[in-house]
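Shared chain: subunit A. Partners: subunit B in the first complex, subunit C in the second.
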Partner chain A sequence: MNRVAIPLAVFGALLALPLIGLSSYTMHILVLVLMWTTIGMAWNLLGGYCGQVSFGHAAYFGVGAYTAGILYFKLQISAWWGIPLSVAVVSVFAFLLGYIVLKLRGPFFALATLASGEVLRITTENMGEFTNGTLGILIQQRTWIEKTWYYYIILAIAALTFVVIRKLVASKWGYYFVAIREDQDAAESLGIDTTRYKTIALVISAILTGICGAFYTNYMGYIDPHIVFALHDISIITIMIVMVGGVATEWGALIGAGIMVLLAEWIRAIPGLGASHQAFFGILLIAIIIFLPNGIVGDLPKITRLFRRARA
Partner chain B sequence: MSLLQVQNAYKFFGGLAAVTDVSFEIEPGEILALIGPNGAGKTTVFNVVNGFYKPSKGRISFKGVDISGMKPHKICKMGMARTFQVVKPLQRMSVLDNVIASAYLRTDSKEKATAIAMETLKFTGLYEDRDVISKGLPLGKRKRLEIARALATQPELLLLDESFAGLNPTELDESIGIIRRIKERGITIMIIEHHMKVIMSISDRIVVINYGQKIAEGTPEEIRANPAVIEAYLGEEQHA
Partner chain C sequence: MGSAQLEVLLQTLISGLLLGGLYALIGLGMTLIMGVMKIINLAHGELMMVGMYIAFWMFTLFGVDPYLSVFIAGPVLFFLGIAIQKFLVNPVLKVDSILPENQVILTVGIGMVLSSAATIAFKSDYRSTPVSYGTSAFYLSDIWKGSPIELSLSIPWSVSFVFALAITGALWFFLQKTDMGKSIRATSQDLDAALLMGVNVQRMRVVTFGLGSGLVGAAGCLFIPIYYLYPALGGQFTLIAFVITILGGLGSNVGAILGGLILGLFESLTATYVGMGWAPVGRFLIFIAALLFLPGGVASLLRRRTFGK
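On to the complex of A and B.
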């Protein structure tokens, strides 16, 4: 019962939220939280459930973002078409990259994904006319000045992602993903085509991330390779969101995204901190790994116990 | 026709010949035991047969199809399942989920996979433990979970790698009972085992390997009387 009621209640609350008249800044924060929630959920499918820890999800975010950007920049077509088109483009990229990186295991896989994100950034920077290089792509006319519609679009994407991942995880594929995470050799010997199912998890995860990239282009109105293929600000933040919230949990991405986005804003508001805000994130990550290795959702029982003890 | 044919199989690890020119066949319905001293190459034979390793030389056929170099998941789909000597449970999954994951091989429906898994758990005596996270199972039950998982793929040939090692006498009797009942279901079994009593009581035929080579093959009586075997294997047992 709760499995239906809680998501519906959360969804209902998020639907109603803009009606109470929030400032443009607050709406912006909410849009970012929902976007990062979606990326976190997408990463979690591959990294959390299937156990393939990717340090290169910026690759798929960036390809999605540039699909939308190039449509507008080269073909003068609305960048919103980038959302459906990014599904196709990112699938092809993920399939090809997956063919190479999924042969590797553990840390080797992680390093290869990290490299793939960087390779795509450098390639995009050097494609001249086609991508406009390091100058990036600017969308001249924004669709809406107001944030409300952007909010509802990303809310729809996030809700759809939530449903897709829940269905997947409960299905045969979900069992196979987790079996591969727990022991790839055993999974293979028990009749699971591990290469195939790892590829499926990667492609779905990449598509969902790419959709967010295409949304980002439309929402922010400007992209360049350093922003959308960023190792730290995209790939690493994605991992941190899921780790803070809880790996292989349904709600971890939302909790993690909420905390990370707010924290980033809060740290940015501290004057004179500059780029050293990254150090804050690093320290936070270390603290989380030590004290809450399963994330906030995963270690919820531990956290409630601590609070109860503190009150007693 | 034999269910499995191993023809002149070799497996090298760098300079080490772990399996050298091993040939044998398994007939449908029988229990074939593979015995030999520690490090003789028994597990490597399994690994070569189930596709975990590609044989360096030689040919493996299963149901008349050449499977040398085929991937384990394909061989499993064809009807061959195995257990691991060093157990590999899906640690953070419940016992039931472990078995469901295997049962999905023959069905796409969760209901059917669950039904197969439940039946298999009852058959192997793990039903009471179905909700236990498999990391928390004692070794004896983990060994049995290996068997349950393999059975849930509904194999024709089952490879059991030391499923009896480390069991107490009660567990040993239970497991022997399970093996007998698996045979009654018409499933062919190849078993690696060190317990001589178990081997002599359940197997129809025995293949003995030593230093990667086959040194004898025959019925339990023939093997018991074979001087080469006594020298290589039983002799070592007396030292131990």
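On to the complex of A and C.
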């Protein structure tokens, strides 16, 4: 019962949130939180459930963003078409990249994905004709000035992602993913085609991330290779969101995204320390790994135990 | 091929070789840590950045030549590495978590803290050490008057290369001939067997992390006379170090040296014949090619030949 009631309650609350008349800035924060939640959930499917820690989700985010951007820049078609189109483009990219990187395991996989993100960034920078290079792409007219519609669109994407991932994890595929995470050789010997299921997890995860990228282009109205293929500000933040919230948990991404986005905004507001948000993120990351290796949601029993002991 | 083209090619090869020597030093530190710890140190480039800042400030404040700073930055980074290993990496090795990659993510966190601390402390300005010999070079025509082609050898590059060779030689001696070096190699080959033979594995881990950091710190000092410095420079060199380690073969020291040289030559060739901006792409292409076609790296080729005999 709770499995249905809680998500519905959260969804209902999020649906009603804009009705209470929030400021444009608050809406912006909410949009960012939902976007990062979606990316976090997508990463969690591959990293948390399937155990393939990707350091290069910026690759898929960027490809999605540039799909929308190039549609507008080269063909003068509304960048919103980038959202459906990015599904196709990103899945092709993810399939090709996966063919290379999924042969590798553990840390090698991590580093190869990191490299793939960087390669795409540099390639985009150097293909000036097609991508407008380092100048980036600017969407001249924004669709809406108000944030409300953007909010509902990203809420729909996030809700859809939540449902897709929950269904996947509960299905046979989900069990295959976890089996691969726990012991790839054992999974292989039980007859699971590990390469195939890793590719499936990667492609789905990439598509969901790519959709967020296409949304980002529409929402922010400006992209350049350094923003959308950023190693620290996209790939690493994605990992942090999931690590902070909780690896392989349903709600971890939402909690993590909320904390990270608010923390980033909060640090930005401190005069003189604005540029240093990464130092705080780094310290937070180190602390989380040492003290709460399974994240806030994953280590909830541990946290409650600590509090209870403190009270006693 | 005309003499002009030959000149360009030879000059490219020379600068590639010199760059490769420095790369080898970076790769060696990484491969040592990887061999013993079985983790990838994604803060490697950031540690090098710290070494470069030490050299930069020694030069700016006290006029210490960057090459002398090798003997300052090396030890400082050695102790920094020891501290990181003792207080951050070791506790993480003990905790239980779903993902085994936690240690790798930890080093990412360390790297972020280092580079952003450098940004806060030193601003993100580009800096360099304007040494007096910075732009001087040897010319082939000085030695051989009738030379049909003209080649030059930049003095700081050559000095850095010689230093890199000397440090590599010293490291080789340490690993091959001393007790501690042998213990480190034993730990990297088989942790359990080394433990059974009475090697203090915990201590070897700490020393290795220190040694790896010290090496990359020294490499930073060798880089500063020929390169510029900014806080975000680390990430790029972490990737370079990783590409070298893969290219050379994991945990193989000879492999790391060869990997460094190959990468240096390759980058230099890409920069000359394809375009400056594409050099990093070339780096990743060679990385992916190595992963696909030569997963054991150059070291596996060497090993195959010895076994064949």
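The definition used in the following text is that the second predicted complex is superposed on the first by the 311 of 312 C-alpha atoms of A that agree within 3 Å, B and C clash if a C-alpha of one lies under 4 Å from a C-alpha of the other, contacts with A are read in each partner's own complex, and residues count from 1 in each chain.
Criterion: a residue touches a chain if its C-beta (ideal position, glycine included) is under 8 Å from a C-beta of that chain, and two chains touch if they have at least 3 such contacts.
Here the structure is a predicted model, which means the values were calculated and not measured.
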First (subunit B), second (subunit C), both or neither touched by A:S24: neither
Contacts of A:I239 with subunit B and subunit C, given as first, second, both or neither: second
Subunit A residues touched - subunit C or subunit B, whichever exceeds: C
Touched partner set for A:T304, first subunit B, second subunit C, both or neither: neither
First (subunit B), second (subunit C), both or neither touched by A:Y176: first
Contacts of A:S189 with subunit B and subunit C, given as first, second, both or neither: first
Contacts on subunit A seen with subunit B and repeated with subunit C across the two complexes: none
Touching residues on subunit A, where the partner in the complex is subunit C: 47-48, 51, 53, 55, 100, 103-104, 106-108, 110-112, 114-116, 118-119, 122-123, 125-126, 181, 231-232, 236, 239, 243, 247-248, 273, 275-279, 281-283, 285-286, 289-290, 293-294, 298
Of subunit C, residues touching subunit A in the complex: 39-40, 88, 91-92, 95-102, 104-106, 108-113, 115-117, 119-120, 124, 235, 239, 242-243, 246, 275, 277-278, 280-281, 284-285, 287-288, 291-292
Residues on subunit B engaged by subunit A in the complex (per definition of touch): 50, 52, 71-74, 76-77, 81-82, 84, 88-93, 97, 100-102, 104-105, 108, 110, 113, 149-150, 153
Touching residues (chain side subunit A, partner subunit B) in the complex: 170-172, 175-176, 178-179, 182-183, 185-194
